[in-house]
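Chain naming follows the written order as A, B, C, D, E and F, and within any one chain the residues start at number 1.
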Amino acid sequence: MASKRRFKRGLFVGRFQPFHLGHGDAIKRLLEEMDEIVIIIGSAQLSHELDDPFTAGERYVMIKDALSELGISPERYHLIPVPDSPMHSVWVAQITSYSPPFDVICTNDPLTKRLFKELKIPVENIAFYKREPLSATEVRRRMLSGGNWRELVPKSVAEEIEKIDGVARLKELSQTDSPFGRRGSSKTL
Amino acid sequence: MASKRRFKRGLFVGRFQPFHLGHGDAIKRLLEEMDEIVIIIGSAQLSHELDDPFTAGERYVMIKDALSELGISPERYHLIPVPDSPMHSVWVAQITSYSPPFDVICTNDPLTKRLFKELKIPVENIAFYKREPLSATEVRRRMLSGGNWRELVPKSVAEEIEKIDGVARLKELSQTDSPFGRRGSSKTL
Amino acid sequence: MASKRRFKRGLFVGRFQPFHLGHGDAIKRLLEEMDEIVIIIGSAQLSHELDDPFTAGERYVMIKDALSELGISPERYHLIPVPDSPMHSVWVAQITSYSPPFDVICTNDPLTKRLFKELKIPVENIAFYKREPLSATEVRRRMLSGGNWRELVPKSVAEEIEKIDGVARLKELSQTDSPFGRRGSSKTL
Amino acid sequence: MASKRRFKRGLFVGRFQPFHLGHGDAIKRLLEEMDEIVIIIGSAQLSHELDDPFTAGERYVMIKDALSELGISPERYHLIPVPDSPMHSVWVAQITSYSPPFDVICTNDPLTKRLFKELKIPVENIAFYKREPLSATEVRRRMLSGGNWRELVPKSVAEEIEKIDGVARLKELSQTDSPFGRRGSSKTL
Amino acid sequence: MASKRRFKRGLFVGRFQPFHLGHGDAIKRLLEEMDEIVIIIGSAQLSHELDDPFTAGERYVMIKDALSELGISPERYHLIPVPDSPMHSVWVAQITSYSPPFDVICTNDPLTKRLFKELKIPVENIAFYKREPLSATEVRRRMLSGGNWRELVPKSVAEEIEKIDGVARLKELSQTDSPFGRRGSSKTL
Amino acid sequence: MASKRRFKRGLFVGRFQPFHLGHGDAIKRLLEEMDEIVIIIGSAQLSHELDDPFTAGERYVMIKDALSELGISPERYHLIPVPDSPMHSVWVAQITSYSPPFDVICTNDPLTKRLFKELKIPVENIAFYKREPLSATEVRRRMLSGGNWRELVPKSVAEEIEKIDGVARLKELSQTDSPFGRRGSSKTL
């Protein structure tokens, strides 16, 4: 029996540093329009940087636990880490090579839209519940400043971050003299 | 309620070019001893080479379909593509960074055993049903020579390979003058 | 019959994001002193970034058309894209390996001068017609702010940029949440 | 006035180690069917290896001189070095990003044909005058064994190879203990 | 006869751009607690950038001369350049693979401490004589502004910097239009 | 007081997989003609491969111990690991950037000779005591076949190899199904 949804499989790309309630909300709404969703964990090679504190493996666990908490069946999503491409012009080809086939790209980003449109792939806008302050940047900012970051993420993401002592790691990254924090800091030994 | 199995989560690494019945058999037996298994799709960046014909995305689909065919629940495995590391000495660290935490490595390979043992991770041997001729090398050899490769792989893998016209691709890779086949061929334009 | 010009072949390196009237003027003057000029399209692997919006292929077309518009014969120049080197200390060696032999480097940049002088290659200063506001940074700034960028570039460059919808791409790069704009933006999904 | 040729611009990819009479013959015939040809110097980063002895710059000079000798106007071709991609699945995207737009790919290679066909780009077969023994492999074989390699290449290519002492370099590459020859030799210090 | 010192061999990582009196002081104090010290010249691939002006070879000479000036025997230290790792999560594994075995990591950096502690390697704090203004950042700042940088470095480091005309290089890096200075400057040709 | 030796500092490049008596003999003779020798540990990033079993750190220890055993003072040599360059044409520039300045290259290899001669650096031939069977290839061959490899290496090298269980590692590399041995083996899981 064929599904009545508009698309078979959509592609959703993020860095998820970390996964927050806005991501979860977006995925739920998108799954009303498509049978399955491919969630790409972008910049998979990055971790231990101020803007990218968590490893691909840590992000994988956070997302899988969060989707389970949100009641989304593992039959309906694919979770795939993909490292950055050294050439931006081949990024779409690289994503495509790591992913199962998809028939729609889910994004609000104007540039991403254009790049996929050139390949004749339909674009589906993402209806975020309330865009602000639901951003990973805001989550990390609150982690560093001692604010209430837990209210922005699913409970299971907060638990995983606590389990790996993630707030302390982020604070260390903001103070470090080591090569780890160099992109975010010009301090040197 | 705690599981009675010996391990919580095991790591199983392969290139799966393609996934065959031996892989499926091994995973089934391993899941008797552990709650979950992390299946790493190694050399994820490779495709369109004689020894590595399929993309990470194609292999992902083959494995997911095969495990479903074999009756293995998506709750019990994680399927994660990981590109090669330019330095073999950091390979274990790279795998670890892409994977959820694991408490046992599943391998018969003596070198892999040693490398993980140095990190104090237990090793679980893989009991292959019948090791020969169940190898991906043999599957590809039969594809090229017109032999019966279908009997060596799950039905869903054979279907996916037919869908992407995989046998023709492999044959083209064995004849090509292009840079694609260069590792396997010294012919030049 | 030997040429009466001072040099046989000069090397001129730029990123040409995009090629502007200052570049064209410089090349014309340099060709009074040398028989041929090698124009290196530097950072060839970059595109779709705020400071590097155009692909090597797009820049190649812009420059070739502009030089034709400026009446410079294809017999007198070589146009060669070269990607960045991961090690700056081998940059000169990499350029040399991609280029036909040259006997002078055309630059006003003090560091470039020194590096080539150490290899005993003569340096020729570039006499820009009027240095300000002829810079690619200014061209991109005007593109983003709606200023008159067309007056800073050859007509054929403006046409190529319009053909590929370059101004819209640049604006999208300034707003993007995707990995494309990350170097120029800290916004995240 | 519109051209009556079937294609506007074709893409022709090779390593040209070195450029030989078969290449020249193919380009001449292809230019009967298309206005312009983009000649990609593939594996541009390679040199000083047994199968890839010449730098991109040396190959650039050989080809430009050979095309001039063959009476092909610089208005009708583009000569562009492109390094290999670490991922074969993004090779077509990388070539496309370095090249001016093209509307046909010129190749006899079955795999290359398929990859471009998937992007809906027409394929034009290459009618080689006489395929054997016109191959770069044969040219290099004769260089190493003292055979008559000059009869296989345009006069200007032979001159350039002599100017850079290319035969001696190739012989040194076949004897070397250094890392340069390692792919072609298992000898070690 | 066994040493009475607490550790056999400690690891000390820095970029040493350039080596200053604080580094020398730290190494002297550390050698009271350990038999040997492995000094890793980090970011070895970098040079000719505003924050990383000197090559690995230049830094090697500066440090070896400085340690000789400070009366530290070559029997007691190892000086090893190591390039950056593209993945921060494998940095510890990469350092370990380039270094002789060590039983303590010498650092005040909270993140570095944590990463090595996870591998059960003890951490030794570095007692800097007076931390400010002894930093390489301050040395480079004074070089650019004409301040007294010589008082911050061992005499032999100052001599090496003068021999390679290092202050002029740094000033050129702060003014350059070339790709060399791009990370520190947004000026373009 | 100026030295009476012909050269100030010579460059000697090898992979040292492992360091053997021929290497030691060569260094002793070379030090009669030069004040200091820079020993480059080439292919530093490689390890755990059939032709490159040992890490840079392991090779560093072997060589330092061997030179001490041979009575060569640490004042007279520099021991520097350098990773391979992706472009062979920039290899000389990369070595130069990692090394202290040198005024002679010590090699019998015809290609290496030529490359350095082009930079006007004198070449010193290496007088090996007896070239055969003193090769690292022969040492590894005997390790695998159970032959007497110990007689080919300094005592301290044999001790280090035993300490790290190197013969077992090499044998595992020759049997492995893992990605580690792939260059030397076509076996797959």
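By our rule, contacts are C-beta pairs under 8 Å (C-beta built on N, C-alpha and C of every residue); 3 or more make two chains touch, one makes a residue touch a chain.
For clarity, every value in this text was computed on a predicted model and none was experimentally measured.
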Steps needed, at minimum, to go from subunit A to subunit F via contacts: 2
From the options B-F, C-D or E-F, the pair that copies D-F, where over half of the contact pairs coincide: B-F
Distance between the centres, which are taken as Cα means, of subunit E and subunit B, whole angstrom: 42
Chain centre separation (subunit A, subunit C; CA means) in Å: 36
Computed distance of Cα centres, subunit B from subunit A, in Å: 26
Two or more partner chains touched - positions in subunit B: 47, 55, 86-87, 89, 96-97
Every chain pair meeting the contact rule: A-B, A-C, A-D, A-E, B-D, B-E, B-F, C-D, C-E, C-F, D-F, E-F
Residue numbers on subunit C that touch subunit A, as the complex places them: 45-49, 55, 168-169, 172-173, 175-181, 186-189
Residues of subunit B defined as touching subunit A within the complex: 44, 47, 55-57, 60-61, 64, 74-75, 78, 80-83, 96-101
For the subunit B and subunit F complex, residues of the former touching the latter: 13-15, 17, 23, 42-43, 51, 84, 86-89, 91, 107-112, 114-115, 135-137
List of subunit D residues in touch with subunit A within their complex: 85-87, 89-90, 92-94, 96-97
